[in-house]
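Same chain, two partners: subunit A is paired with subunit B first, then with subunit C.
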Partner chain A sequence: MTKWFEEHLPKLVLAPSFIVVLIFVYGFIGWTAWVSFTRSRLLPRYELDGFIQYDRLFDSPRWDTAFSNLFVFGFLFIVIAMILGLILAILLDQNIRTEGAIRTIYLYPMALSMIVTGTAWKWILNPGLGLEATVRGWGFEDFTFDWLVNPDMAIYTVVIAAIWQSSGFVMALFLAGLRSVDQEIIKAAQVDGIPTWRVYTAIIIPAMAPIFLSAFIVLSHLAIKSFDLVIALTGGGPGYATDLPATYMYTMAFSRGDIGQAASSAMIMMAVVFTIVVPYLYSELRTKDD
Partner chain B sequence: MAIVAQSTRRGRISRATFAWIVGLLFFFPIFWMVLTSFKTDADAVKPEHLFFFTPTLENYLNMTENYDYWRFAQNSIITAVFATIFALAVGIPCAYAMAFNPARGTKDILMWMLSTKMLPAAAVLYPMTFLTKSLGLFDTKFLIIVVLMLINLPIVIWMLFTYFKEIPKEIIEAGQMDGVNTWGEVREILIPLAWGGIVSTALLCFIFCWNEAYWTVRLTTTDAATLSKLIEGNRAPEGLFFGRLSAVSTAAVGPIVVLGWFCQKQLVQGLTFGAVK
Partner chain C sequence: MTDISYTPPQSGSRMAKIVLRWGLYLMLGVFILFYLMPLFVMITTSFKSLDEIRTGDLISLPREVTLEAWRTAWSEACTGIQCEGVRPYFWNSVLIAIPAVLISTLIGALNGYVVAQWRFRGANLFFALMLFGCFIPFQVVLLPMARMLGLMGMAGTIPGLIFVHVIYGLGFTTLFFRNYYVSIPSELTKAAKVDGAGFFRIFWSIFLPLSLPIIVVTVIWQFTQIWNDFLFGVSFSQAGTQPVTVALNNIVNSTTGVKAYNVDMAAAIIAALPTLFVYVVAGKYFVRGLTAGSVKG
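Here is the complex of A and B:
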């Protein structure tokens, strides 16, 4: 009995959470998929009716904005956070005595919830209250920084707040990576008189390729989850300029009473995640352990 | 070890100064928020009162008296602590089994569980609200604890697994030779050896639970409402009451910032998902 128990322990322990995840994730996704092919409005209906919701979705200018915002936001956020994180890591990797404390400060934003981040930045970016008003108060009357209320620029304020939140995290990952590069090779390169920037671009950064991949996975995960950040910072506005697919879906389901639209947008979101992120996740986790 | 261009004393000090200036920039939004929380709502919107103002505790008093801060804080603590304990209670045996007793397929299951974390939660929200309301679980601490535990479980298991893997198998096997049973192995050998990693994992899980807003805001109304819900409720649509909002936000992040400062090592380990050991 104990023998059997020990042999099957992994499965026994995993089974309940496995089943719950199975029901909650796949059951609900299945439900969403079904509803996306119906004429559901305020209440779910279950008679299938082809691609009508998807046609409506692709005809909607609001969805267009939300969908392209996802790529603008995701791309800028991931690329800039990685570059900034790398620069900060190299900066901290210079034998700074108080490194531990600085590292914690850089990492702090990551420990804050996205609604708090959104709140803090909403304050700073608000033209009437924050940075613009302060700089004008110092005598620079022409200083303008109104991205938060400018429909063309508002999405970039979301990028700024998101980068602030996670570049410290990327820094910590890269810092660990910098320390794990083989010191012998670096010393040899320095003895050969190769300039420092070449040592970084030709030796150290290529050696950290797996860390770039991990950072990419976590950052894309955060980009998908930035729903709360958008809600707290801009609420999707001005107008619907900073809508992301997640906020679009939320608005449709809970304030517009249009479950069909919500379901079809959720399915598109899911398709995007599956095609971009999941393959990376799998390849990463597989190579790590074989 | 670092590669350093020139290690002159002056160069090192100037780099340290620069790093601290960047650190201050990083901390500035938090600092601004804390500062604003001690201003009246009227002062908070006046740029000339950015640094010079008469500090007031009005916002905090208002928050504890009229907004029942302690009830929200208590809910946050209860849900985060219990979700963390349950996640570890399931995660430790799970990660133990996978690290020392791997069966074919366990790793695939774990990868699959991790991949579900990438799915947009928005797709699940509507049916979830619908179901919990009809089961009478909506707005209960029980529901919040279960949800928080489940969404963090994949990360908890994964992190514990990476720590457990570093423990030599021989130590566990030696325990088995001595006739220690599984529970004894976990309690007497595994937990003491991996204590640092377990603490980091617990801290990470706690922070994630504490910060969770998506589900806690949308699956509660009053009884199980956490601090995230309190912040959400104080976000006036016109953007007024910044003093009050800042006080609420400060009171919500304060415990994490203080806790993090005293457990810096675990904070860094945890927030980097164990990449920094």
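Here is the complex of A and C:
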């Protein structure tokens, strides 16, 4: 008996976590998926009724805004954060004496809550007393910067704040990548008289391809999960101009009492994450097994 | 003649090099301003009076430094109908974060130890299932979790929030420890087994003493995640059990009375201080957690 126990102890230690993950991750995903195919409103109902919730979802102009915002926001956020992160990493890679201190400054926003970031930028970007008023006070009377309250532009304020928060992290990733490129090849290239910018474009950056992929995965994951930042910065407004799928889901679940819509929008978010993350995880785990 | 072309070409004069160097520092400086500006604005605004905010501009230093906004933010600001400042919510966050961090780190260490060192059929499947759990958008579990917490009698309570944070933190803590322990030679475990040491004995006297760096990384990662969480906090709390991030958002968006930007900023800094402190003290481990969480293995 004790021998059996000793032999199976590792499995017994894992068992609680295994059960918890099965129920609270996979079981819950299953529950949400099931409910997304029912007519659930305020209370969940379990009789399946086809794609009615998804039809409602894609007929809803609010979801339409939220879903296209995800792509506008996601695209700009990922592309700009990557470019900025790469530039910062290359600038810092030039034997800067105070590199440590500068890196700390570039990266600290990552330690903040998105709610804090949103609160700060909401104050800076408010047209009444913030940046706009300040620049006008300097004598530029016609200066306008009202993106925060302009329904067509408000989503770009979310992009600005999100980039401010995350680009330092991309820099840290790229900097680690730059340092891991074989120094011998770089030295050889310099001896051959190849200009520094060519060394970067032809040797170093191509060698960092896996890091670009990692950064892309992390940033797209951040973009899809973006919820707190929108809540704190714009509250989804003006109107619902800056809604994202995450805020749409939350509104349906907790303010509108529309469980069917909440479940189906959550499943769409899940599907977006799936298409990005699963191929990545699959390749990661496969190479691990060797 | 051929060996002349072999000498590296001179890259500009000394002058050009100095100009380039200054350009580099200039650009680095501009970015420093970009990253520091919001923090600077938050701090200066929090020390101004409302009158000064209305008449002055964003980036001027306070003419008269006042701690009034800080006092209000800490103990008087209104989060809806209650006006107790962020203080009670700050302690809620502490009460949520500390047990959740400790429990999820401990379970993650044991899980990682098993997956990395006691391989058995299915251990890899378990790890893959855990890993995928790190990536799900939490919206997909919000609705059933709310019902489950209700069934367990933990809806709107602090133990309920601890429970949620432990469960959804396990993926990352297991990942961190697994990746750390996988680099420790398995001969060590085998030799200890031959000497008659059991599962927990090996963990306790061999692995745990080696684990300090990864414990620090995991604790910092989990603390930052849980302290900064908003989604779970706003979904599963009620008046009185909300974490500080939810209280901050309520203060900023409460529509009653005059908009007190200085109080908002002071409250935001208070909410940010614990994680900023951790970052300044242990930045190296913070960065390591970030990169370990993104670049697996």
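Methods note: the second predicted complex is superposed on the first by the 268 of 290 C-alpha atoms of A that agree within 3 Å, B and C clash if a C-alpha of one lies under 4 Å from a C-alpha of the other, contacts with A are read in each partner's own complex, and residues count from 1 in each chain.
Convention: a residue touches a chain if its C-beta (ideal position, glycine included) is under 8 Å from a C-beta of that chain, and two chains touch if they have at least 3 such contacts.
The shown structure was predicted, so the numbers you read here are calculated from the model rather than taken from an experiment.
J.: Will subunit C clash with subunit B on subunit A after the two structures are superposed, or do they fit?
T.: clash
J.: So, does A:Val199 touch the first partner subunit B, the second partner subunit C, both, or neither?
T.: A:Val199 sits against subunit B, while subunit C stays out of touch.
J.: Let me test your reading of the model: by the given contact rule, A:Trp31 touches which partner, first (subunit B), second (subunit C), both or neither?
T.: A:Trp31 sits against subunit B and subunit C alike.
J.: Now for A:Asp93: first (subunit B), second (subunit C), both, or neither, which partner does it touch?
T.: A:Asp93 contacts subunit B only, not subunit C.
J.: Quick one: classify A:Lys122 as touching subunit B (first), subunit C (second), both or neither.
T.: After superposition on chain A, A:Lys122 lies in contact with both partners, subunit B and subunit C.
J.: Once the structures are superposed on A, label A:Val191 by its partner contacts, choosing first (subunit B), second (subunit C), both or neither.
T.: Second partner only.
J.: In the overlaid three-chain picture, which partner chain does A:Leu76 touch, first (subunit B) or second (subunit C), both, or neither?
T.: neither
J.: Go through the superposed model and pick first if A:Leu178 touches only subunit B, second if only subunit C, both, or neither.
T.: It touches subunit B, and subunit C stays clear.
J.: Thinking of the overlay built on chain A, is A:Ala111 touched by subunit B (first), by subunit C (second), by both, or by neither?
T.: After superposition on chain A, A:Ala111 lies in contact with both partners, subunit B and subunit C.
J.: Please work out whether A:Lys225 is in contact with subunit B alone, subunit C alone, both, or neither, and reply first, second, both or neither.
T.: both
J.: Would you mind listing the overlap between the subunit B footprint and the subunit C footprint on subunit A?
T.: Residues 6, 9-11, 13-14, 16-18, 20-21, 24-25, 27-29, 31-32, 88, 91-92, 94, 96, 102, 104-117, 119-124, 129, 133-134, 137, 164, 168-169, 172-173, 176, 190, 211, 214, 218, 221, 224-225, 227-228, 232, 235, 245-246, 249-250, 253-254, 259, 262-263, 266-267, 269-270, 273, 277-278, 281, 285, 289 of subunit A touch both subunit B and subunit C.
J.: Taking the complex as given, what residues does subunit A use to touch subunit B?
T.: Of all residues in subunit A, those touching subunit B are 2, 5-7, 9-11, 13-14, 16-18, 20-21, 24-25, 27-29, 31-32, 88, 91-98, 100-117, 119-124, 126, 128-129, 133-134, 136-137, 164, 168-169, 172-173, 175-176, 178-179, 183, 186, 190, 196, 199, 204, 211, 214, 218, 220-221, 224-225, 227-228, 232, 235, 245-246, 249-250, 253-254, 259, 262-263, 266-267, 269-270, 273, 277-278, 281-282, 285-286, 289.
J.: In the complex formed with subunit C, which residues of subunit A make contact?
T.: Going by the criterion above, the answer is residues 6, 9-11, 13-14, 16-18, 20-22, 24-29, 31-32, 35, 44, 88, 91-92, 94, 96, 102, 104-117, 119-124, 129-131, 133-134, 137-138, 164, 168-169, 172-173, 176, 190-193, 195, 210-211, 214-215, 217-218, 221, 224-225, 227-228, 231-232, 235, 245-246, 249-250, 253-254, 259, 262-263, 265-267, 269-270, 273, 277-278, 281, 284-285, 288-289.
J.: Within the complex, which stretch of subunit C touches subunit A?
T.: Spelled out, the residues of subunit C in touch with subunit A are 8-9, 11, 24, 27-28, 31-32, 34-39, 41-42, 45, 53-54, 57-59, 107, 110-111, 114-115, 118, 120, 123-124, 126, 128-133, 135-148, 167-168, 170-171, 174, 198-200, 224, 227-231, 234-235, 245, 248-249, 252-253, 261, 264-265, 267-269, 271-272, 275-276, 278-280, 283, 286-287, 290-291, 294-297.
J.: Can you check the complex and tell me which residues of subunit B touch subunit A?
T.: Touch residues, subunit B against subunit A: 1-5, 7, 12, 15-16, 18-20, 22-23, 26-27, 29-30, 32-33, 36, 44-45, 47-48, 50, 90, 93-94, 97-98, 101-103, 106-107, 109, 111, 113-128, 150, 153, 181-182, 207, 210-214, 228, 231-232, 235, 237, 239, 242, 245-246, 249, 252-253, 256-257, 260-261, 264, 267-268, 271-273, 275-277.
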